[in-house]
Amino acid sequence: MQYRRLGSSGLQVSALSFGAWVTFGAQIGRDTARELIAAAWDHGVNFFDNAEGYANGEAERVMGEAIAELGLPRDGYCVSSKVFFGAEAEPRPTQRGLSRKHVVEACHAALKRLRVEHLDLYFCHRPDPDTPVEETVWAMDSLVRQGKVLYWGTSEWPAALIREAHKIARAHHLQPPSMEQPQYNLLHRERVELEYAPLYAELGLGATIWSPLASGLLTGKYRAGFEGESRLGHADKEWLRRVAVGESGQRRLERVTAFVELAQELGVAPASLAIAWCLRNPHVSTAILGASRVEQLLQNLGALDVKLEDAQWQRVEAVTR
Amino acid sequence: MQYRRLGSSGLQVSALSFGAWVTFGAQIGRDTARELIAAAWDHGVNFFDNAEGYANGEAERVMGEAIAELGLPRDGYCVSSKVFFGAEAEPRPTQRGLSRKHVVEACHAALKRLRVEHLDLYFCHRPDPDTPVEETVWAMDSLVRQGKVLYWGTSEWPAALIREAHKIARAHHLQPPSMEQPQYNLLHRERVELEYAPLYAELGLGATIWSPLASGLLTGKYRAGFEGESRLGHADKEWLRRVAVGESGQRRLERVTAFVELAQELGVAPASLAIAWCLRNPHVSTAILGASRVEQLLQNLGALDVKLEDAQWQRVEAVTR
Amino acid sequence: MQYRRLGSSGLQVSALSFGAWVTFGAQIGRDTARELIAAAWDHGVNFFDNAEGYANGEAERVMGEAIAELGLPRDGYCVSSKVFFGAEAEPRPTQRGLSRKHVVEACHAALKRLRVEHLDLYFCHRPDPDTPVEETVWAMDSLVRQGKVLYWGTSEWPAALIREAHKIARAHHLQPPSMEQPQYNLLHRERVELEYAPLYAELGLGATIWSPLASGLLTGKYRAGFEGESRLGHADKEWLRRVAVGESGQRRLERVTAFVELAQELGVAPASLAIAWCLRNPHVSTAILGASRVEQLLQNLGALDVKLEDAQWQRVEAVTR
Amino acid sequence: MQYRRLGSSGLQVSALSFGAWVTFGAQIGRDTARELIAAAWDHGVNFFDNAEGYANGEAERVMGEAIAELGLPRDGYCVSSKVFFGAEAEPRPTQRGLSRKHVVEACHAALKRLRVEHLDLYFCHRPDPDTPVEETVWAMDSLVRQGKVLYWGTSEWPAALIREAHKIARAHHLQPPSMEQPQYNLLHRERVELEYAPLYAELGLGATIWSPLASGLLTGKYRAGFEGESRLGHADKEWLRRVAVGESGQRRLERVTAFVELAQELGVAPASLAIAWCLRNPHVSTAILGASRVEQLLQNLGALDVKLEDAQWQRVEAVTR
């Protein structure tokens, strides 16, 4: 495994990490979850990503149980939670968002579900237009000072808001956010490459990117018509279908087709190629992989072995732009 | 239910909330208390207001027991306490006021009585001329940083003092007060509408107003001569009688009479109309209702359904000015 | 009882308070100790003064036990400790002084001996030339923020050092000292009346004065030749004898004699008069009384009833200058 | 025993202290470890030095057990830990270094192994080029404010980095480092005497120096050819051999030989002389002794009795330069 610093921070995360999104507490059972974490850990993965909103907290419960049963050393791995969407099917107004109340109570709930005494990373899962950034920054700082959170960050926040959070933190001697969790893949590049461009050096921002496979599109398995044993067969089907066939969906599918064919020509699994491409960006601290089977996970971890020449990478760029 | 932000904060409180004042631990028994809270919660109320001084702490004990028995989810509701008057019939000098000692010890006592690990809102129930504002601000900040209080505020403080508290907080990187709990109703408007006017935008002040019915006067039930099953039949009788018949009492009663007659003409219960009027003020975060019977509570919650035209509201203004 | 603010703070202490010095854990037994505290409390005393150095911690143990047995309400009284001299007969270097280590560990030890969760007042018993003031201020601030101490102060510090502590606290947003515990009586006036004069308004300093009877000299009972059942019969005999008969001892004794005769002429017990004189100084927050018998304590509490005319007070001044 | 302030701090450490390095959890058993600590304590030693990296945490476990069994009073002694190298034979990336994660988790682990509730001293065992100093300073400050660490410092940091840590601490009102733990002996002087020279007055830096005997070279026992019952017979043999016979090893051995002969001429044990020489530097707060036998420890503690005249010290300087 390769390790990278979380932005300018001292935290070393594995370049490939493992996330509970979509699968834990939903598609897969507890045994499979434990096997996936065991396999990831054995291959050097040290960051396990989660959120209160994944399967309404059930993803955290399953992960906490699995890690406890496996007996992973607490200082050897990192675990995250994210606050915003709530862990209830129908949250009351105070059970979601970034108010001090919810940020604090969601942290306590996540600690309990994950069975740990501190979260290594704690993300604001989205910006909350109904809470002043200052309130959230103060709440996060309190959790850091109380030792309940080590690093806090944001997910899918506009660059300007991240800057504002830093400014407030500096002015009041509070902990600024350390990282962002943006979507990043061959089909979704602007935020990471353009919007956040100045923030990496300026704020030392780390990026723990999600969906390196564009929800599976870049594996090529959806090309044949969206059937079979894949994510599209489950509840998120509708959302994924929308992504795939929406407004600009046709052009997107054409790019995916070209990418998959190129990968085959280069003798690399499309998924591995797509993940390896993400890691070429030095601002990516880690790419979060999802998986519902150990075999699938191991295959994707193989992205670390992909070695192409510059001319080949340029071809990848060419067909996906 | 409608929800509103507590000033500029991220806390969403129900536009109508429920308070223990006068009734809990005094007029009503534990069963009724529990039924009232259950009914309020079922109708979307998420803020339960209390104070150390209500029935000398008994109101908090009863509320804490009721909420525990009902099993309300901790992150779904807000509970408050207020410090100043003490919870003793004859408090010793350190058992009241806003000294660091009493602010801290009263918080601990309220947490225990209410059976929670943090107060969502904690109010300075009155200004304390014998304690520097700075001492109180520091004490509140410590409680917030320790996680024992989420939002602190004031009740019936002069605007200048609230501003001073903010200034001190800013200078020393402490938590400023987030909200005020003033009396506000058709007969008592100056503080909320004039004195605090600049504070809403300037400091993001929220207002959790009390006595929207002017201690029941605006229900009209006292018009006939102050008898029957009402608050006036109990211990506060004297205070209420004073309000009603004091110096300017006669003119006040005339306005009440006109208001009640207008409500009847408009086909709206006087109480509903009076409460609805409070909520027309966008600076009111929530109006705190009291009730000794479920039926009465439900009727008052009906204020949310009152819809009048502008011209009709102007008539309400006219008869009560 | 009369209550006074501790300087500009919001803490209300009884004008006469009760201290464990010399008697607790030494001259008197546990039953007497409990009776003394009970009597003081019944007469409105709400501040019980102590120090780690009094009988090597035994004074705190006895007081803690007595208060627990009496069941005094925690928010109704104040208890203090003082750090500097250590609680060991032969302290190791880290078991005394004002280093962060000793300030913190002595606090924890005092909390345990006194059986409380926070000290209301915590004093630096003397200046420590071997510790930078800054270190002590930071340590005290940490204890205040952790809720283990409510108000911290100094005892017998030079005015310049108190000012320095305030300056450091202001610069780093830390809790400044709130009070001093200086010796103050008719024979020992300079520090309180001259040296600290500017500090009361400037820093809001409170004064909890010790030895209002000049170690008993002002009771007159030593006039006849220093025998009988008095403090001089015990271990401190030597120190007291030195005070009484030292260099300027003869002149001091003459002033004492004149004072006692004047008191008798005015029909007031000398002790009551001496204590009442201390309370005439508005900068005195409280005068700490010692006692080994309930009768003696009650007599001294009688100082509150002493009423003299200005001309009579002037005669007191005249004979003691 | 002689006691010295840790730099300008108020902490009084014994001029000679005792360290677990090399011996605890490795060369010696638990009984010997306890006897060594008992002997050191009986001779006035009050600082016991340790690190997570010594025997992978085993040194701390052994020391914690020994101190507990001996029942040393917690406020009478100081114990340290150091963070950087990890306590695992093959640490994962987050199990070493100075990230907030490792600094915090290593502190918790050391507290547990040493069986204490706070570390008196906590060192950054080396600079970490992969963690911003600011992150480490904040993490240390949090531990100090939470009461888990009393004084934090560095070990073998360049002067410029120590200054940077102070600057950051000052700017954000955080605890600056109080001490350094550099190597210092007759053969290794530059850092302590030149590089750190301005820091003692400027930052009040204390120095807890290690290896006063240059890993035993200055005892002279290695002169005859590196055999017998000494450290060289054990696992560190290779490292020590390298030190002794490496590049400039020959010249170093000549200086050692001259030093040992001079010591014999002066009638002083070479080890005592070498240790006494360290203590002549007033910037040395304490010299940390290692020992695997009580006899050896007592002999080295004898350094306190070495009294030479200036001319004799000049000869020591002359032969070792």
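A few remarks follow.
Going by the order they are written in, the chains are A, B, C and D; count residues from 1 in each one.
The working rule: contacts are C-beta pairs under 8 Å (C-beta built on N, C-alpha and C of every residue); 3 or more make two chains touch, one makes a residue touch a chain.
Treat the numbers as computed from the prediction; the structure is a model and nothing was measured.
Considering the contact criterion stated above, no chain is in touch with chain A and with chain D alike. Copies chain B and chain C of the same sequence differ by a rotation of 90 degrees once their CA atoms are superposed, given in steps of 5.
At the interface between chain A and chain B, under half of the residue numbers involved are used by both copies, so each side presents largely different positions.
Distance between chain centres (mean CA atoms), chain A to chain B: 44 Å. Chain centres here are Cα averages; for chain B and chain D they lie 62 Å apart. Contacts with at least two other chains are made by residues 145, 173 of chain D. Taken together, the touching pairs link the chains into one ring where each has two partners.
This structure has the following touching chain pairs: A-B, A-D, B-C, C-D. Every residue of chain B that touches chain C in the complex is listed here, in rising order: 88, 92-95, 97-102, 104-106, 109, 128, 130-132, 135-136, 138, 142, 145-146, 172-173.
Only residues 3, 5, 8-12, 14, 46, 73-78, 118, 120, 144-145, 147, 150-151, 173, 175, 204 of chain D touch chain C when the two sit together in their complex.
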